[in-house]
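Listed after this line are the structures, all set down as structure tokens.
Two complexes follow with subunit A in common, the first pairing it with subunit B and the second with subunit C.
Our next item is the complex of A and B:
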């Protein structure tokens, strides 16, 4: 698929500004963070040792992984259903699904987080409605805990989970599904034994993207977790800006970047970049 | 299409299908006999594939009825018809091994593990895929994939096997081999085969009957030799192979056949001329014409000049122009062609009275 040399040169030139920007605005400063992690407050591996022994850091890491895993399952499942409608539904259903996928992109993450607070808080819409129909007597704690964080994050990530799935479903050979039905398989059985396994690469891509995004979430857990459900990104923020412990904050950042980098490498073994958009 | 192991008899009654304003299939009535090998032949867009999809239950006809062994199945969903089907490009399950692909229709039917194992093993044996059981479709050659598709479609002993251009992706030598295998499978299973192709030689070689389609209409159905030697219209005549068309004037019935004037010479035809009177087209296959040095009385013949030849190995294809300017192609022995060309001028084109047939003049 490689074009002549001049084409590749042209493509490289067009991408150069982005690469330059990433190096200057991201990679270079990050090297500074790496340096802090080994030098602050004293040179050595002290901060990495602290990471392994500090109970708070460890519990935040474990919580982050747990929330990311749950959010991934919720988002990919919901996204799968939406994508089936988007790719295979009737024209009207497609338009509706497309609307549901695109609209969240136009609303800022902050607005959406506060929107969920309004819906989920003790005197929010959901609790007042459930009380008014007599379903519950005391309001449910739906926000400022892990549940609220999972709801808010899943809502944010579902649209991102849709694209790898849509790409996998679109490239699927329709005749294979016809063949399954022609051989006597019901629609349900065809879905589970043929359709889902054939979109496996999309599911893996979608799950990895959601998981990687979840690990770095800051605004949503900060607002919907109400300080009770701190995730890694918020912990880094606290270490750097509130308790001036730059060395530990930097060490956590480095671990997070390395971990995410490894996941991305795994992701691109299963999915081509163009399948993600 | 219902009891396994028994060939189905299918009746299509006035089947039509429109996609928007496009008429894909028009008023099709056709009986498909138990255990026959019927080929649906036609150019792309002729309606042959639409009819196959209607038989499979993937496309719902706009009008008409479909019967299988006397039962109306027009509204029966595809999964309950369970016709075996081989798709263009095979449509194997890419995530399943050869074995799993072939076992799929049996698993769907909730057969016991031991029965599945036996039947799959038998089928793998029958199509010669031993040693490939655990491979995925992507690891197989085109011919092997084709065999998996056939095995998967036949393993549950369907009453009818539908084949949609199954050989279009194979190279020529492999195609011949697979055709022979399919003929053998048809004889062994005794199942009704309905086969779609646009390749006329394939249709003539394989089928017990051929149904020729064009523009959504069924034009003619009959045994291969019938449709080849006695086409009822111009499209069928031309589609089934190269053919020469000569205008004849004043066609009228005569002793055991018909007679008329071709290039101002009286010609005799064995076919009946009841429907055709006056001006018509006389159609003769290139292999049925020969070259003679001079005209004989009581033999059909017209004068022509040889203009070009194509060497085909076993024979030579010779292009000629008649005195009145019609172009004719004949297939003749190599030395006859050479002699005709070296003479440079007039030769006689002759043909036996029983080989020419009449088609209505003009149109199709």
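Our next item is the complex of A and C:
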């Protein structure tokens, strides 16, 4: 039903403020960033050529992909374990699981990264404790390296990985599981051959969300990596603020958006948006 | 009726994950009580000096007030924009709705660092024209935060509109209500909860925003997360631990109240 003229006017008036706001404050400046990538410092494709040839940029890209892949596997596995209890546990177990998922979810990324610094640094909780029981004499290097980055990022992303999994597990027909058990299948076998395959869409959604988030991660790697384990986002920051090279920073941003866009397109080809929430 | 419950192995794994999730939040408590000026575990005596420095050091107080101001302004702006947009979508169901909503959600799906570069470009360009609304100004930060939070507010309001019975709006329309009356007297009272949630979420997201803020501020607009960041990068200041403990306690309290409220709503 397409309404009369006044309806279309009403729709336009109501929707225009936000659309105009985002065109002026987001779409237009993004095109500006794209322009930077082609014009700074000199017009042309120089920055994109540098992206393909610069060893530093290459190694940061590879490190980012590697960390994102590890973090995705760790987060989805851990999220799966706690989501099973959140969705299928007894009422008391559900409340506890929900608490453990939602409290970190609502706490800022800075506080959480700082918590890991307090745990993992040379004079942090873990090293102090291990030294006091005489297990080690020199503190272990747990932070300012890739290990710290992976731990901190997984911690941040587990709650995000939980939601698609929970929605897949909720929509699963319990009677199928009971039937498998009733036919004599063990707990383990039921889990691996019935439960996991039936939550496949949740696993794919969860993995892609985690992976996409990890690619653009900035705060956690910058704090827990201590400048030694630089990922793409931090490289963009450094290019713009430290070695002012706006063109290269802009070019990396453009490549990152294109890459993430392609991944999202892939996501929606395999999973319907409704299955993600 | 039998139910399918997780077995002992599942429970054990879930407990391990739960510990992993809570560990860093608990770790900040002892650190916040250290008497030392550096980040260490307290050995022997405990001290509240880092809590006191949060009140006594004007830098912390200034940044808390600034973050509150930015949070409120950006939350009002993004909720108002999201509300009018969503009302337009729901009441008129115009063509290209899917594409328009997709466009509005972009700041939520684009990697935050790219949004940060984009907003940096915007605010440095604007800085040349006006001095109070550009790079490193509180109004600039509030506007940038609105860009980042408006997709979340829109999603929440659209979701609560989707649960609304269209017939009440049709009835109002049949009885001759104008668009304004339908929106303000029929639809909005029925999605109050969604609007308030959208405003709160926008505020919280702005209150803790750091990724974009780092790109668009330098020395004047030091929000609370920005100040924490500075304290984390150089010499780690245990006052951050004290602040973290307070923020964690507030979060836990708010979640507890919310869960009681939702339980009561469900019981009714």
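Some notes on this structure:
Simple rule for what comes next: the second predicted complex is superposed on the first by the 250 of 277 C-alpha atoms of A that agree within 3 Å, B and C clash if a C-alpha of one lies under 4 Å from a C-alpha of the other, contacts with A are read in each partner's own complex, and residues count from 1 in each chain.
In this text, a contact is a pair of C-beta atoms (placed from the backbone, for glycine too) under 8 Å apart; a residue touches a chain by one contact, two chains touch by 3 or more.
Bear in mind that the values here come from a model prediction, so they are computed numbers and not experimental data.
When the two complexes are overlaid on their common chain A, residue A:208 makes contact with neither subunit B nor subunit C.
By the document's definition of touching, neither partner reaches A:153: not subunit B, not subunit C. In the superposition on chain A, A:51 makes contact with neither subunit B nor subunit C. In the superposed model, A:197 lies in contact with subunit B only, and not with subunit C.
In the superposition on chain A, contact of A:181 is made with both subunit B and subunit C.
When the shared chain is aligned, subunit B comes close enough to touch A:189, but subunit C does not. Of the two partner chains, neither subunit B nor subunit C is touched by A:165. Counted by residues of subunit A touched, the larger count belongs to C, out of subunit B and subunit C.
Residue contacts after overlaying the shared chain place A:67 against neither subunit B nor subunit C. When both complexes are aligned on chain A by C-alpha atoms, subunit A residues 178, 181, 187 touch subunit B in the first and subunit C in the second. Residues of subunit C touching subunit A in their complex: 2-7, 9-11, 13-14, 16-18, 20-25, 27-28, 30-31, 38-41, 80-82, 84-85, 87-89, 91-92, 94-95, 100, 103-104, 106-107, 109-122, 125, 143-144, 146-147, 150, 154, 179, 204, 207-208, 210-211, 214-215, 225, 228-229, 232-233, 236, 240-241, 244, 247-248, 251-252, 254-255, 259. Listing the residues of subunit A that touch subunit B in their complex gives 173, 175-176, 178-187, 189, 193-194, 197-198, 200. Across the complex, subunit B meets subunit A through its residues 56-58, 77-85, 87-89, 91-95, 104-105, 108-109, 152-153, 156, 162. Of all residues in subunit A, only 2-3, 7-8, 10-15, 17-19, 21-22, 25-30, 32-33, 36, 78-79, 81-82, 84-85, 88-90, 93, 95-104, 106-119, 121, 123-125, 128, 155, 158-159, 174, 177-178, 181, 187-188, 191, 212, 215-216, 218-219, 222-223, 232-233, 236-237, 240-241, 249-250, 253, 256-257, 260, 264 touch subunit C in the complex they form.
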